[in-house]
Structures are given as structure tokens and as C-alpha cells.
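The structure that follows is given in the form of C-alpha cells.
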Amino acid sequence: MTMTAEQPTPATAPEAPSTTGVLDRVLKVRELAIAVVLVVMLTATQLDNSAFLSQQGIKDLLLNATILVLVAVGQAVVVITRNVDLSVGSVLGISAFAAGDLLHGGGNPVLAVVVAVAVGAAFGVVNGLLVSLGQVPALVVTLGTLYIIRGLDSIWIGSRQITAADLPSGFTSFGHDGIGVVPYLALLTAVVLVAAAYYLRSYRSGRDMYALGSSPEAARLAGVPVRKRILAAYVTCGALAGLAGALYLARFGNVDSGTGNGYELTVVSAVVVGGVAFTGGSGSLYGAALGALLLTSINSVLPSIGVSSVWVQAIDGVLLLLAIAVDRVVALRVAGLLRKRAAQTRSAHHG
Amino acid sequence: MTDPEPERTPVLALEGVSKSFGAVRALRDVSLQLYAGEAHALAGENGAGKSTLIKALAGVHRPDSGTVLLDGAPVVFHGPADARDAGVAVIYQEPTLFPDLSVAENIFVGRQPRRSFGRVDHRAVKEATAALFARLGVDLDPEQPARGLSIADQQLVEIAKALSFDARVLIMDEPTAALTGSEVARLFGVVRALREGGAAVLFISHRLEEVFALCQRVTTLRDGGLIASEPVDGLTEDDLVRRMVGRDLDELYPKQDAEVGDVALSVRRLTREGVFTDVSFDVHRGEIVGLAGLVGAGRSEVARAVFGVDRWDAGEVHLDGRPLKPGAPSLAMAAGLALVPEDRRAQGLVMDMSIERNINLTGLRTTARAGLMDRGAERSRAVDWAVRLQVKYARLADLVGTLSGGNQQKVVLAKWLATGPRVLIVDEPTRGIDVGTKAEVHRLLSQLAADGLAVLMISSDLPEILGMADRVLVMHEGRLTAEIAREDATEESVMAAATGRGRSAA
Amino acid sequence: MADSSRETAPAKTGAGTPKAGTGTAKVQAGTPQAGAGTSVPDGRARAWARDALRWDTVVGALLVVLLLCSFSFVDNFGNALNLSFLIGNTLPIAMIALPMTMLVVSGEIDLSVGSTAGLAGAVMGKLWNQGMSIETIIPLCILLGVVCGLVNGLLVTRLGLPSLAVTIGTLAAYRGIAQIVLGSNSVTDFPQQYLNFASDRLGGTFVPQAALPWVVLLVVAAVVLHATPVGRSLFAVGASQEAARFAGIRVKRMKLSMFVATGTVSALTGVFWALHYASARYDNATGLELSVIAGVLLGGIDFDGGKGTLGGAVAGVFLLGALQNVMSLVNVSAQSQTVVTGVLLVISVLAPRVARQAGRARARRKASAAPPPGALPATG
Amino acid sequence: LTVAACGGTTKKSTDDAANSSGPKSSASANPSAATKKGLTVAYLPKQVNNPYFTISDTGGKKAVEALGEKYKEVGTSSGTDTAGQVSYVNTLTQQQVSAIAVSAQDPGALCTALNQARKNGVKVVTYDSDTNASCRDLFVSQASSEDLGRTEVQLMAKQIGNKGQIAILSAAQTATNQNTWIGFMKDELKKPEYKDIQLVKVAYGNDDAQTSFQQTQGLLQQYPNLKGIISPTTVGIKAAAQYLSGSRYKGKVQLTGLGTPNDMRAYVNNGTVQAFELWDPAKLGALAGYAAVALASGQITGASGQTFTAGDLGSFTVGQDSVVVLGKPTVFDKSNIGQFNF
């Protein structure tokens, strides 16, 4: 018999506030690191060029980020479930045009936004069904739908384009006006972001997404409705890409069949920089949003400190590498710290 | 064979269930009844179909024929969720945790306590987890991520999860395989309480003494068929083994005396910060050295460091007098070291590759001729070892993941024994292996030692350590606390050192 | 039969996990199937059927069918000039697909291949303009590819960063450096004999001269991946990095060398590109990575690693190339071609799955009709 | 491979050989030859579905069909897919069309393919964006580069009162036509009447709305006293105008360059932009079509000094380097923009 030995006096309910505190902080540090980089970068730019953070400057920064933030948030939801949606650029393009087409005929702007979201969500359903029902690799499927939607988009649109003249002036001014320095678009984006993040954190179905991204097998055994959740993630992603399309139209006042081409790589970079792991199950929407903000800000910072556009792409790439490397090093450090902490608390318990 | 008690309806039952995987008939017309307030054991060799039966009960597999009865009425579980909703809690043979989620979230996934507007109450989740752990006597932080938990800790989390359901039926597939005595005792205490509270329990273990300690009834399977379903009272271990294996049991610990030779493996002052400290020991040719300790004592970590999978911070390791480079498993292998790791699914096997490929993964250089793979040599190496270890398989080209748990373990052993090592470290070598095969593995280890191999055996199965080791090393909290000669090794002396009480002379 | 076993492997549920799409390709080409422990009566026949149904075989068959149909029904397809166009235009993709397949099998990915090719071309143009001899420039450019691959590989293996993220970064960085190096210049005046080599055909045949080195590379890659210890290790590393490490495989070194190989071949491709199109610009080969990846994916290589065959990848690349050529010849618009490419990709992952499900349904029907022989697999 | 060249092959050693490549049309022209019937003229724009090219190719279609010939259009859906454009040239060669009218994504990369086409009897006309002169029979230029460069500076100077800082927002750094125009702008700015105008920066927006946006923002932040921006690209000017119209710089910072009336209508009407210019793309396409048919009928060979008639566009003479120029660009402002629809 092996069950005779004495029990090693386990502490009841190991309520260890120190470990908990560290953990809490660690979870936040991941986003904090990006935030710090962002703040440092903006401050340095401001010191170099005092016009940078003028009222107009701040407004521009926020406006530039909104569209990418929206798409990155949607993408992050999908990536958290251990999938990916490469078709977001195409979806953005086609829903922007759908909205524009409606407004072109003198439609209602609110309706146009709704239509864009609906178109996006519809493509989200397609992606989601293919991935979840077919149980096939998301990368391949969405690369496929990237091509398909792009092709359909150009067949439908042909050489037509929507220009600012076709749009009601209220719609375009919605694209650049705001309350003080905060543009309406940024407000809308912030609301969507907070709502989505709160949902992921505080609802069972939101937690399910993390669970199934972390281990699909365990999720199935735990009775998580895997297909439903994956579908929901894709629909969210599609809908947000659609919304981003509508905002794109408002902001740039111009859409043609090329709109959103190649956007997927930017979005994926933003999500990765924001610390959302491609292996699923970890990362936060705030991180993804910060990643997007960081990327677009770099592209505003470089021209305004007079860096020649020739250098922009190289600097972009190097900064992206730096951001993920720094994030990784910080994470490793913290993990090491935790390991030691854990060892210490363990010996303290048994000691 | 079975004599259903007419006055009671089983809570959950199988009737005439069959299930095939391709040509493999994992279950053939099996029936089973679980009654409230009764602990029911399921016995059988590796690959007998125990886990498959459990998965049929839990809605993971749909039986090819036969029915599942809930409270006497036929039901169809379309998935694990249905079974769960019907009050069936399952601990699967292999822990299935979410590595990125906290331990607490792992336990409550999909059924977190909620606040207003359906929001998850994170605080309640944490508190409920802490309470569960207290009940089980587990020392884990509810907010710790599940990633990095040892197999034993993972198993404990799985147990806590199953308990949290307050289920009517509790099904446990080898929950104790990775646990040491004290955790097992705790677990049994809790399970008894549940059973007395009216729950039906189905329990699988290859440690027969556990079956006798916990269960009232036992059902035996062999080759997917039902052999017997009978009360435990009046059965002996030998009876049970005969039902399972179809013959009498060989001696379980066939330890041969071997001539102890030179030092083969010498570990000096090995330290990995935060994991283990100042570990020194020798293993001689012809010797089996047992390494005992409680779960989390750091035994596996020492083995991993010696083999080079982890780096060490200080100290040195010599193999046959030559120093080993830290962090270089390939060099360690070349020097004649082999490690059978504890986590066969993540570390021991490539689940998506065939049995043959897995066995040959350690011999890529030796089976190659002029830099090209020699298919014939690969094949015969694989067949040779699969046969020697009695792996039960349909075809060598089948995915190793389709084997039963115990047979997977045998493939891991085969993979390493095939390298013809001079020093063999085995970490929980018989975890999940049935008694018959266990005896085979022990005989093999003993034989190898007799032929001059140096063996370091890590095991949480204390009788195994006591039965097989020439010498027992004991670890506690990352330190070696005792070295006990075979004559002096008893359950008491080892446990004393493992719990850090009697710091006997090293 | 392998098919029905899949049903129970729960890991196959989540879409992101090791997937079914290429599952049937996992038993490597030509593995002798009948086993020692086999008591399955028709094992060989089934194994053959399974082999024939493997996706890479299907893609190969599709390619052959497409070629045959085009020869008979599409005007101007079969003549030597067109075939040489077809091969010449697909060659850059086919080159990079070789190391990319191996890299993907080992569980990583390199998106910076197009940029590496562009950078090699840009450096080539720059040095040429400065009067260096082409015989010095080409080795230098290839060395540059080694460095590019090393950078990717070191970031991935040493820092443990995800390769997707790293190579998105270097995708931008290498292209940016190319832009800095060559700016708005476009260098076209490379020596004629080199330009000829890159565009001429072999004797009177339709085979471009440049296809010869590619065939050599193909043979080398195929042997390494499918018949050497290195190849075996790559599959193991891709399927389970941890288990591979515990088996004494040098995972990091393995991956690093695959990144280097990819960088090197990409640079070589960049040189070929500049000569083939007689133009070195910083934006040469933009977007090439997507074509490579689409071809490789179509050929049934699993991006989670550990699965796939080189033959499948090559067939996938040429299937896309041939399809584009044919569609242009029959005046299908670029937009519709895009749609066709996309549909093909989706089918490439859906079809094996549907086929498997159909097969399983058939097996179930058969099983319920006639109970299988009671023989159980022999023990050992 | 390298055996032949012990000392190595360098740029200088091949310089002489390089210029003579490409089949020169040696046949002589017969200006009075009849226009052949049943010809096929294939348009290969930089990018299909690009509104600008659609207008010009539609113009080409009308012209070609008016002559009773067959028209077709093929092309890549990306404006930077040079390899794709090459394979289209290859395909057209295969299909034995009579002439190709191509707007080249890259001046060099198409050469091999185009020369192969010419060897197979296909006439090659470039329009809008030229290749190296040795790879085509004729280039139909939208306007003389010199005219375009200089007039844009003149437009800008008028709008800012000959005084202040200006910047240029171009497309990609490799865009040949942009670079030529910018060269002439810089030259024009050297004139004494523009001594108070400083060109502070050339920025590149890569013909991408978002990048052009951010480059515009950067220019305005970096040079707070900036008075004007010249954007000689339709995408760039559109993006810059949209940004200006929604910012506090609207009306204060002047914007001019090349744009289409439809794109710019809203900004001219709301006061963001005073005037800009462009040629008529439909006429450009039509002229390319007439030229292609004339070449294929043997009425011209592309040698300088030859003359051909281009329907109601009138008669054109081939100039230096086998270039035909469409004419002067049109300036659009509030007074006339209503009359144009393209």
C-alpha cells in the first residue's frame, strides 16, 4: 500500500498575495511595454518638432490609428482562438465600396455604415463556416478567401470609384471632425474596443475563446461549443473590418477596387506587436490596439521629424523587430523572476 | 457473467457496446452498470479498451452499436458537453488543460460563477478553486497559469476539476498514475466521501492495490471484450491478474543481483537555480539506482538537466569519466546516455508520426547508410524493439497517437533502449503500464543492469522503487536528502526523507 | 482506415491544430505499408488506395490533366515558346518553394523571401553600376542571402520569436534596405551573356537553360527531405519540437540552417530575376512570398509543420503557374484568375476533408452491413 | 559560366554592346498605304481597373473600333506586378496580336519580352509610361514632360504669390515619369521670378491613400510655414486634398498637380484646391490606338519625322526618339471643371 505515509501538511487555501500581485503586474506589463515605447517615441518627436503634438497633430495621430485599430481588434479576437483571418484587407475594401455605392445614390449615412458592417459580417460568416465546419487550416482558407473576395470586388467594381464628391458632406466631415482633439472616429473605435475587451474578459463565451485557442482538444472535452465560438470570432472580425471600411470611406473619401489591398500584413503586424500570440490563447485586445497605434504613429513620426521616405520602410521593419524582441526579452525576464518566486514561496510553505 | 441487482437501476450503464477504429475492435459487446454509492473499478491490460469505454460513456466516442443508459433510459451523448450536463464528470487518462489559462479558469471553463448581466465573477472562481485545492490538500496557486505544471500537478488540477462538478457519476482514467502515496491517500479520502454522498464512481488504475483499497466492484476487460464483472470482496490480486492477462502473474519485481562495476554516471554539485540545488550522486554499472521523492521534488528536472535538455547553472556531470557539455542532448546521446522522459505525449513521442518513425527517431544516424536512410534497417530496428516490448499495434505505419496509453509508453521505452545506451535514465518508466507488462519492463531493466548497464530510475511508485532499486536516493525540495541502501530501504525510511523529516545520513 | 481513426483524435477539432487537410500525407512516400503485426487482410490494397488519395498525388494528377487538356484544346499552349514562357515565369516561385517547403515542414515560415530577392537584385545593380565584375557580384549577393537568412534564423531560434512576426519585420526591413541601396535607379545593362543565360532556351527545346540548375536543386532538396536523417529530423521537429529535442535532435540548428537555405535560394532567385527581366530595381519580386506560399499550400504542405512532400509543393506551384498561363491564353481576366486561385486554395483544404468524410461514411455503412473478421491485431 | 571572363565582366566591358540590342525596324514606311483590316490592338495598361487607365483604354477602344479593327484589354490587377505584365506580353505574343499598346510598369523589365514580341511581328506602342527606347516602336506621350513640369510650378507660383516654401508629393520613388517631371520642376524653379520660392522636400506617398495622407501630415508638421504642395500623381493629389479639406490647413496651404476632374471636383468646389491640370486620358488612349494601327498597316515605322492622321484628333508627327506628343495639358479650376466628366 502506498497510501499510508503521512501527508505533507498542505497549507489551506494558499492565498499568496505576493505571487498574485506579481502575476497581475506581469499581465499588464505586456501592454505597458508597448505603451512606454509609444510614449517615449511621441515625446522625443515632440521635443524635436513642437508642431507634432499640436491640436491638429494629436487629432491626426488618433485618426490615423482608428481604422487599423478596429481591424486589429477583430483580428486579435480570431488570433486568440488560434486562427487567423488574412482576408480582412479584401473585406475592408469591398464593404467600403458597398457603403460608398449606397451613399453615391444619396443614401442614408447610418444605413451605409450598417450595410458595411453587414457585408463584413457576411464574409465573416463565410470564413467562419469554412474554418469551423470544414475544420481546415485557417491560414489556407483565408488566403483563399483573400483572393476570392478581392477578385469579386474588382469584378463588381470594375474601374468605378467613389470620390469625395459622391459623398454627403456630413459623412465626410464625420470622417475628420470631433469633440476637441478627439475625432468622432476615434471615439467610436474606443467604444468598440472597450466593449470587445470587456466581453472577452467578463463573459463565459469570451473566456471560451481564450480556452479554445489555448487547447482546442481540451476545449472540446470541456464541452466548449468550439464551432460556434470560432464562427463568432470570424463574424466579429468581419464585422469590424466592415466597420473599418465605412470609416475608411469617411476618412479618405475615396474608394476603388484596390482599396485595402495588402492590408492583411499590416494588421497581422499590429496584432503581433501588441503581444497577441499566434499560437492562440493569450494576448489582449488592448495590446492589439496599442500595437496598431504604435505602428501608425511610427508612420506619422518619421515624416514629421524629416526622415526621408526612402528610409521609412527599413525603419518600420527594424522597429517592428525591436518591438517584438523587447517584448520577448521582458517576458523571459519575468518568467525567470516568477520561477524564482515560485521556488521561494514553495520552500516557505514547506520550510 | 454479470448479475444485475434487480432492485436498483444503475445511474449510468452501457449495454452491448462495440467500437472499432478501422480494423481495431477496441470494444466488443461490452456492458457495464454504475450504481449510486458504489465505486467500480475497470481493469485490463494496456489496450484492453478501458479508455475507449470511458470515452463512450462520456460522449467523446459514439459507439458503433449498443446503447448508453442514463437512469435506465437510453440516451445519446452528442459530445462531452451532453455527458457533463447529465452529471457525468470525467478525468481523462491524459490531462487536457489550457496552458494559457490560470489553474482556476481551467477548472471552471464554461461554467464560471456569474454576477449580474451574466458577467463572470473572477473572484468567486478563484475562491472556489482555493477551496477545492484545500479539500484535496493541493498546494497550488489558483492564478498560476497551467503551462509548466508537472504531470502530477496537472493531474491534480484535473481531479479538482472533476470534483468541482458535484457530479452524480465520477469517472477517473488512471488519475493516480503520476501521483505519490500522499496525494493518492488524499484523493481516496475525497472520493470515498463523494461515494458515501451517493455518487457513482468508475475508477481505472494499473496499481491493483488501489483497486482493492477503493472499489466495491470490478469489471475486467480483455482485448475489448468483457471478461467479468464481480464484487471485489473475495477476490485476490492474483485472481484479478488472471482475469486481465489470462495467465498467472510473473513476479512483479524480478530483481536480479548484478555485479556492481565502475562509476558510469557521476553528477557533482549540480544546481539549477530555483529548481534544484547541489545534487551529487553516482550510478555504477550493473546498478539500478532509484530516485524517490514527492511530486514536485525536482527529480525530473535533475534528469532533464543531466541529459542536457535543460541547462544547469553550476556543477558538472561525467559519463564514463568524461565531462558532459551542458545543454547538449545530442552529445549526451553520443556519449551513451538515454532518457525516457516523464511526459510521453509532449516529450517522448511525436504523436503525429508513425510508430516506426518514432522508434527510429533516436537512431537516425545508425540506420542511415552513406547518408541515406535505409528503409530495411529502419524497419527491422522498429519491429525488433516493438516485439521485444510487446507493443500491441496493428501496423507499424499507424500513428503512434492511436495506441493505448500503456502501449505508447512502451514505444518510448523501445525508442531509447534501441540506442543501446550505457547509462539509462528512466523517468516514471511504468506510468500507465499494466501489471503484466510492468513485470516485463522490470525484468528487462534488471536484465540490462545485469549486463552492465547503469540505470537511474525515477518513480513515484514506491513499491517499484523498493522492489527494483539497489540503492535509493531521495529528493526533497530540490535537494538530495538521503541515500538509502537496498537493505535499509523501507516505505517509512524513504517517506521520511521525502517529506524532509528524517534527514538521514547521505 | 487511417481515415476513420481520425475521428477520435480530439486534437483534430480546433481549426488551428494539426489538421486533417493533409493528414493523409503524413505517412511518407513509399513507406512499406504491410506490417509485421498486420493481420489486416487487405492492408496493401487499402494502403495503396490511401496513397492514391493523398492530396499531393491529387495535385500532381490535376497538373497532368490540366497540361493534357491544354495541349489538346488551348491554342498556342503547346508550342515551345509558350512552354518556355510558362516555365520561365514560374521558375522564381518554384526555386524558393524548395527551401520554403523544408522550412515549413520544420514548423517555421519565411515571409521575407520576396524582399530578400529584391535586396539581392538591388545590391547586384548597385555594385554593377560601381563597376565591379559580375563574377564577384553574384557570389556576394548569394552571401547576402545567407546573411538575410541568418538574421531571420537567429531571431527565431535564439530569441524564440515567432517566425511569422520576425519575417514580417524583415519583409519590410530588407525591402527598405533595398530601397536605400538602389533608390529610384533601375539597372538594366547587365552583360549580354548573362541575360541570355537567364532567358534562353536549351537548344531547340522549350526548356529554359535556367531550369537546369533548378532541377539540380530539386533533386538535392528531395533527397535531403525524404531520404536522409536531416529530412527525418525536420519532420519530427515540425510535428513536435519538444519531442524532437528529447530525442537529441538539434532543433535550433536545424531550423537555423533551413532559414539560411531559404535566404540563400531567395538571393539566388533575386539574381536570376534581375537577369531574367533584365532589370534590377528595389521593388523586384514584390509579393513573391504570397505566390510561393499559395503554391506550397496548394501542394498540401501543412503550415503547422511536420507534414507534406516536396513533390506536392512543386506540383502545387506549377499547377498555379500553368493555370494562370492557360487562363491568360483563353482571355480570362486578371480578376477572375484571382478568384480561381482563391477557390483552388479553399478546395485544396476542403476536398481531402470531404473525401475523408465520405470514405468514413462508406466504411461505416460497410461495417454495419458485414461485421469485420474477429481477428485482432496480434500482440507484437 | 565564368570561364570566359578571367578579368571578370564589368559594366564598362559591356557598355558598347548594350545599346545596339533590339530589332530596329528596317522596313521603310509607306505613308499612303491603306489601313489594313482585321488587325487586333491589345491594350496592356499598368493596372486594369485603374479608373485612369480605364478612361484612356476606352478612348483607345473607340478609336480602334472606329477604324474597323479589333480591340482587347488585358493586364494585371496590381500596378507593381512587373512579372505579371511580362507574362501578359508573352501571352499576347502567343496570340499573335497585331500591336500592343502598353503602359510599362518598369522601363527595363519588359524589354526582353517586348523585343521577343517584335521579333514575332507584333508592333509595340507605349503610352503614358515609356520603356527604354530600344524596346518599342513608338511612345505616345501625354504631354511633353517639360511642359508638365514647368506648368505645374507656374500654377503653384500663381497660387502662392511667387513666395514661400513648397514641397512635392510624388508617387513611388521609382516612377520614371514622376522623376522626369520633378526634374523639370526643379529646373523651372531656378528662374529668377521664383527666387522667393523654396522647394523644401520631395516626399513619396507610393500612390497609396494612407501613406500619402501621412506624408502630407508630416510635411505640414515639419514645415509649419509651408505654402503649397505639388502632387504630380492622381492618387497623391486626391489624398492630399482630402486631408487638407478636413484639417485646419484648408485654403491656407495650396495644392496643385495632376488630377482628374471627377476626383477633384469636391475639393475645387469647397475651396481646398484652386487649380490643377491634366491631359485628356481618353485622347491619349485613342492616339495610342491610331498610332498602333498606323504602325501595323505600315504607314509609319516609328522613325522621327513621319506623319500619320489620328481620326478627329488631327495629324501627328513623330518626334525625336520615336515620341509622339498628345499636346498641352488642360488646366482645371472652378470656372471650367463642371464641363468635364472623366
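As written, the chains take the letters A, B, C and D, and residue 1 is the first residue of each chain.
Please note the rule applied: contacts are C-beta pairs under 8 Å (C-beta built on N, C-alpha and C of every residue); 3 or more make two chains touch, one makes a residue touch a chain.
Since the model is a prediction, treat every value here as computed from it, not as a measurement.
Novice: What chains touch chain A and also chain D?
Specialist: C
Novice: In terms of touching chains, how many steps apart are chain A and chain C, taking the shortest path?
Specialist: 1
Novice: What's the distance between the Cα centroids of chain A and chain B, rounded to whole Å?
Specialist: Their C-alpha centroids are separated by 41 Å.
Novice: If you average the Cα atoms of chain C and of chain D to get two centres, how far apart are those centres in Å?
Specialist: Spacing between the chain centres: roughly 38 Å.
Novice: When the centre of a chain is set as the mean of its C-alpha atoms, what distance in Å lies between chain B and chain D?
Specialist: The mean C-alpha positions of chain B and chain D differ by 73 Å.
Novice: For chain D, what residues touch not just one other chain but two or more?
Specialist: 48-49, 77-78, 173, in rising order.
Novice: Two or more other chains touching the same residue: where does that happen in chain B?
Specialist: 60, 96
Novice: I need the residues of chain A touching at least two other chains; which ones are they?
Specialist: 150, 154, 213, 215, 217, 219-221, 277, 280, 310
Novice: Hey, which chains are touching each other here?
Specialist: In this structure, the chains touch in these pairs: A-B, A-C, A-D, B-C, C-D.
Novice: Going by the contact rule at the top, pick out the chain D residues touching chain C in the complex.
Specialist: Its residues touching chain C are 1-2, 4-5, 7-15, 17-18, 21, 48-49, 72, 74-78, 80-84, 86-88, 90-91, 93-96, 106-112, 132, 172-176, 179.
Novice: Using the touch definition from the top, list the residues of chain A that touch chain B in their complex.
Specialist: Against chain B, the touching part of chain A is residues 1-8, 10-16, 19-20, 23, 201-204, 207-208, 210-211, 213-215, 217-225, 277, 280-282, 339-340, 342-347, 349-350.
Novice: Of all residues in chain A, which touch chain C in the complex?
Specialist: 81-83, 130-132, 134-141, 143-152, 154-155, 212-213, 215-217, 219-221, 226, 230, 262, 265, 268-269, 272-273, 277-280, 310-318, 320-321, 324-325, 328-329, 332
Novice: Can you name the residues of chain B that touch chain C in the complex?
Specialist: Per the stated touch rule, the residues are 20-25, 55, 60-61, 64-65, 96, 223-224, 307, 309, 329-330, 332-333, 339, 341, 346-354, 356-357, 360-362, 364-365, 368, 371-373, 375, 379, 383, 386-399, 401-402, 415.
Novice: Across the complex, what residues on chain C touch chain D?
Specialist: Listed in rising order, the residues are 75-76, 79, 81-82, 85, 89, 92, 128-129, 131-136, 179, 183-184, 186-195, 197, 199, 273, 276-279, 281-287, 324-325, 328-329, 331, 333-335, 338.
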